[in-house]
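In the two assemblies presented below, chain A is common to both, partnered first by chain B and then by chain C.
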Partner chain A sequence: MNTIEVKNLRRIYRATTGVIRRKVKEVEAVKDVSFDIKEGELFGLLGPNGAGKTTTVKVLATLLIPDAGEVRVKGLDIVKDANEVRKQIGFIFGGERGLYWRLSAIDNLRYFASLYHVDPEVSKKRIPELLELVGLKGRGDERVQGYSRGMKQRLHVARTLLHDPDILFLDEPTIGLDPVGAREFREVIRNLQSEKKTILLTTHYMFEADSLCERVAVIDKGEIVALDTPSALKKHVRDLSVVEIETFGIDPKVIDDIRKLPFVDALSTREQDHRQLLLVQTERGAEAVPDLIASLEGMRIGRVTVREPTLEDAYVRLVGGKA
Partner chain B sequence: MKFKNLIVYWRTILRVAEITLRHQWNDSFILFAILVQPMLIAILALFMLRGSGENYAMFVVVGSGLTGLWSSLLFISGNSINGERWQGTLESLVAAPIPFEVIIFGKNLANVVQSLLSMSTSYLLAALLFGYTLQMSAPFLFTASVFLSIFAFISFGLIIAPLFIMYRGIQQWQNAMEFPVYILAGFLFPIALLPNWTTPVSYILPPYWAARALHETSTGEGDLQKILLAWGMMLIFSIVDLFISSKLFRKMLYKARVDATLETV
Partner chain C sequence: MNIITKNLRLFWQGTVLSYVALFAWFRPVTYAASKILMPLAQIIFFTFLGSYASGGTDVDFYVIGNAIQITAVSGIFGVTMSIGGDRWAGTLPYLFGTPANRMMLFFGRAFMHIIDGAFGVVIALGWGALLFGVDFSHTDFSALGLTIIVTTTSTCGLGLLMGCLSLITANVMFVNNTVYFLLLIFSGANIAIDTLPNWMQAFSKALPLTRGIASARTLIAGGSFADVAPLLVSEIGIGIAYGILGYFLFTWFELHAKRKGTLETV
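== the complex of A and B ==
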């Protein structure tokens, strides 16, 4: 049975500019998005910044009204039955905000428990359990303002589990966390998955989606461009190889020139301190290296490697090599 | 509305009020609005009216407390929704199954109750600094007036908060609305001293009826009929305000979900 059903979702943002001649500027954040999530499934939504991931999650969380389409959570319409939907869901949006920093973690949880109809007797028992689950045992009496980003993020998880929702929306929950914090957080998500929660996870990190999600939808410019299991998505780039070239202070115009080369399927860059790593997807594999080096003539080049594609490479190809 | 819901709402209101009080207690602006400013007003008024008698001192004590109540309502309750938005907590509150106005009711309760402190500090000032022996003429009627005033102020605050969100033009006049209400509601002197044309304006202000009930029961200058009229007016205004605010909240929340303004400032 499908717990979440999204059909032809469309959402436009309107901004008014000008004082005398007022103009309405429209941005179509989500154009035509459809997907279903099964009960107990961990579903990933991947896409570059501005692709429409957060907008989709906010519509599902009843925080935005869609312009068109049908969105149902456990068969309930998210506009007409918003209050009933809210009892079934929990959500986390990435970042540190959304908590009362001058209060302790326990006070924050007591407060949100009362807003989510949690009986005081139940919350008295559940709050210590949740603090233990998210690794904040013994720190609950401290004010949130002294917490690290990772601790705040884990407190968000405890907050969202207070009323024991069956469905969770996690919007880039590991963004900004250090590697250890992110790994601990992924462990928390795995625990939730084992409790048969239905989870929608949006993330920038492909390995996160690869290791956690059963199915992944790639969204770009407000549209779903692919939807499958991580292993099936990798097949999109099965015939390709990835050439990684380390450069120092490369001119953006040169990157554009390489992107236009006939044998280049997709290209993305990654900044690493003062270096830029070019990731070139090509069917020619190692044979493409001399031509690529030639197009970088006069520039300082470091390490060059050729490797098998990953889910991230599949994602780069699906979103047009812009990542 | 089911009885069980009422219990849940009331429990939520008390918890929200408790947490709001604890959260706000470290905010220096709030301490200024509810303690320092009314104290300064009380000192000023008591100096100006030295020799006017003990009754007038009681009038000033209650009146300066009312200034604290009004400032708290206007600035703290009026900005309560924006405050949540700045902290990034508004989305979690809106997405909670409890009606949003119940949460704001709890926050307003905290603000109104804590601003009653200003009345107590003014009382202490008058007694300790100016040597007045202040006696409440009708303590039971005064207590009942305090409870009705709390309800009237909270209900009035429930209209102000969504209006400030939906019509930012009104919020720009927030500062300009503070002192005129001190005057028109008769906090520190009777409105009989004002020109006649201002009287109808005073009558449509719930703070005026609260001030009247509190002054008349504390100084003993009003008869029971006048007190009952003030109570009745407060009750009517409170019911009307609650009705209007429920419509305003529904409209505001729907508009915020359409305009995507729950997160943005």
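== the complex of A and C ==
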């Protein structure tokens, strides 16, 4: 039996707008999503903004009732056996909300420990251990009000480990962490993984998914478009190379023109200060460079490099060059 | 550790921590003002106004009425903050993601406000004795103590229902203020119930506080526990009814929010 089983999950949001003439607007956040996670597996869920990742995690965390489909955690139905499921899982949604700002970190943890029915004797020992684990040792007596965003996020990690759950749902846990903090956090995830915890991780950082996850699913517009190991996904783009061209103040119209070139498979851009980095995926590799430069005629160009594709390039191709 | 002591400790821990976490007035100056100055101001205002209007005959009526009514500060405003505060803290998803017993969670949120409210009434009665010479020499104190606890509890029952409204609507301070003033008028704190039109009397009887205030007046005037026992039974019954209604609304809210995806909407 798989620890997590998601079968044909569907979830629609209905929002009513307008006071007098009420209109119902429907958003199909998750259309039809199926995947399984094995016991002890670290599974990544990737996808562009609004793809339905958080919605999927919320359903798994018993915070949203699905419109259709079946979702099981350790064989338990997340709607019918919600309370049993809650004892087995921990979850965090990236960001700093969701803590009691008037309480100290330790008191936040004590409060959530009481909600999870953790024996007070046990939590007394575990809370300092967890604070140390997330790097908040010595700051536990301070009110969360005065915490930085990253510190609040670390506290969330401690919060979700209070009842020592076997299963963790981590929705963008490293968002807003400084680079050192993010690296430490990935170390924490690796440790949890070595403790045989089953983990679902969503992230926008491809290297993070590549270095941590055993398998990843790419979700786009509420549907899974790929599901495999990171190395297998990279094979999809093995025949491609990536040409990176540094430009300065490029016209969006020119980008569209390049995207239409016959030998261009996918194109994404990345803003860096006043520069834009064009990432062009093409089978022609270095041979494409002269043609690409020709289409940028009259514009200021910086460094041009040709490299092997990464998981991010595979991802960009899967979600249609939107990243 | 034995299972009962464990559960009691967990309940106590959750109760005290959630009180500190969510009751925004729980900081030294604000708390002192709400416990000492606000009751003083209310008692002075209504006692002078009332005794002026009635020709200065019945100071005790106003002092006792307002002193008991003060419990609505904790019972209505405090409890509402403790129930509705999670919406503002963004903690609802984390709260409803725990396996915590919802009934314990819900009623636990009112627990400290019962103690707090009773404390406020004692201070207010103290002001009454000090400033207006209310005479407690014929009072059965244990019966008065019970009256205070019962009344405070029943007012918190209404507060629990109001707190649920604050989870659902954004306009809760308006609702709370309205309820507070309705209680000022219809609980008999300042206007004798039997002088009200019939339909208003019916409304008074459906409110907490009304019987508690009557009971306190009877006891301070020298009445016995037997005189007020029926009042107290009805008073607590009304409070429990509001509390249960609130609890159903709370469980409905959780289900509804999970259906609609509105757990995080502010």
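Note that in this section the second predicted complex is superposed on the first by the 322 of 323 C-alpha atoms of A that agree within 3 Å, B and C clash if a C-alpha of one lies under 4 Å from a C-alpha of the other, contacts with A are read in each partner's own complex, and residues count from 1 in each chain.
By our rule, contacts are C-beta pairs under 8 Å (C-beta built on N, C-alpha and C of every residue); 3 or more make two chains touch, one makes a residue touch a chain.
Everything numeric here is computed off the predicted structure, so don't read it as measured data.
Student: Please tell me, clash or fit, for chain B and chain C sharing chain A in the overlay.
Tutor: Aligned on chain A, chain B and chain C clash with each other.
Student: Please indicate which partner A:E121 is in contact with in the superposed arrangement: first for chain B, second for chain C, both, or neither.
Tutor: second
Student: Please work out whether A:A286 is in contact with chain B alone, chain C alone, both, or neither, and reply first, second, both or neither.
Tutor: Neither: A:A286 stays clear of chain B and chain C.
Student: So, does A:A68 touch the first partner chain B, the second partner chain C, both, or neither?
Tutor: neither
Student: A:F112 in the overlay: touching chain B, chain C, both, or neither? Say first, second, both or neither.
Tutor: A:F112 sits against chain B and chain C alike.
Student: Using the superposition on chain A described above, determine whether A:A232 touches chain B (first), chain C (second), both, or neither.
Tutor: neither
Student: Which parts of chain A are touched by chain B and by chain C alike?
Tutor: Chain A residues touching both partners: 13-14, 58, 61-65, 83, 86-87, 91, 93, 97-103, 107, 110-112, 114-117, 120, 159.
Student: Where on chain A does chain B make contact in their complex?
Tutor: Answer in residue numbers: 13-14, 58, 61-65, 83, 86-87, 89, 91, 93, 95, 97-103, 107, 110-112, 114-117, 120, 159.
Student: Under the definition above, what is the set of chain C residues touching chain A in their complex?
Tutor: Counting only chain C, the residues touching chain A are 1, 6, 9-11, 13-14, 17-18, 20-22, 24, 26, 89-91, 93-100, 105, 258-261, 263.
Student: Write out the stretch or stretches of chain B touching chain A in their complex.
Tutor: For this pair, the touching residues of chain B are 8, 11-12, 15-16, 19, 22-23, 26, 87-89, 91-98, 103, 254, 257-260, 262.
Student: Mind pulling up the chain A residues that touch chain C in the complex?
Tutor: It is residues 11, 13-14, 55, 58, 61-65, 83-84, 86-87, 91, 93, 97-103, 107, 110-117, 119-121, 159 of chain A that touch chain C.
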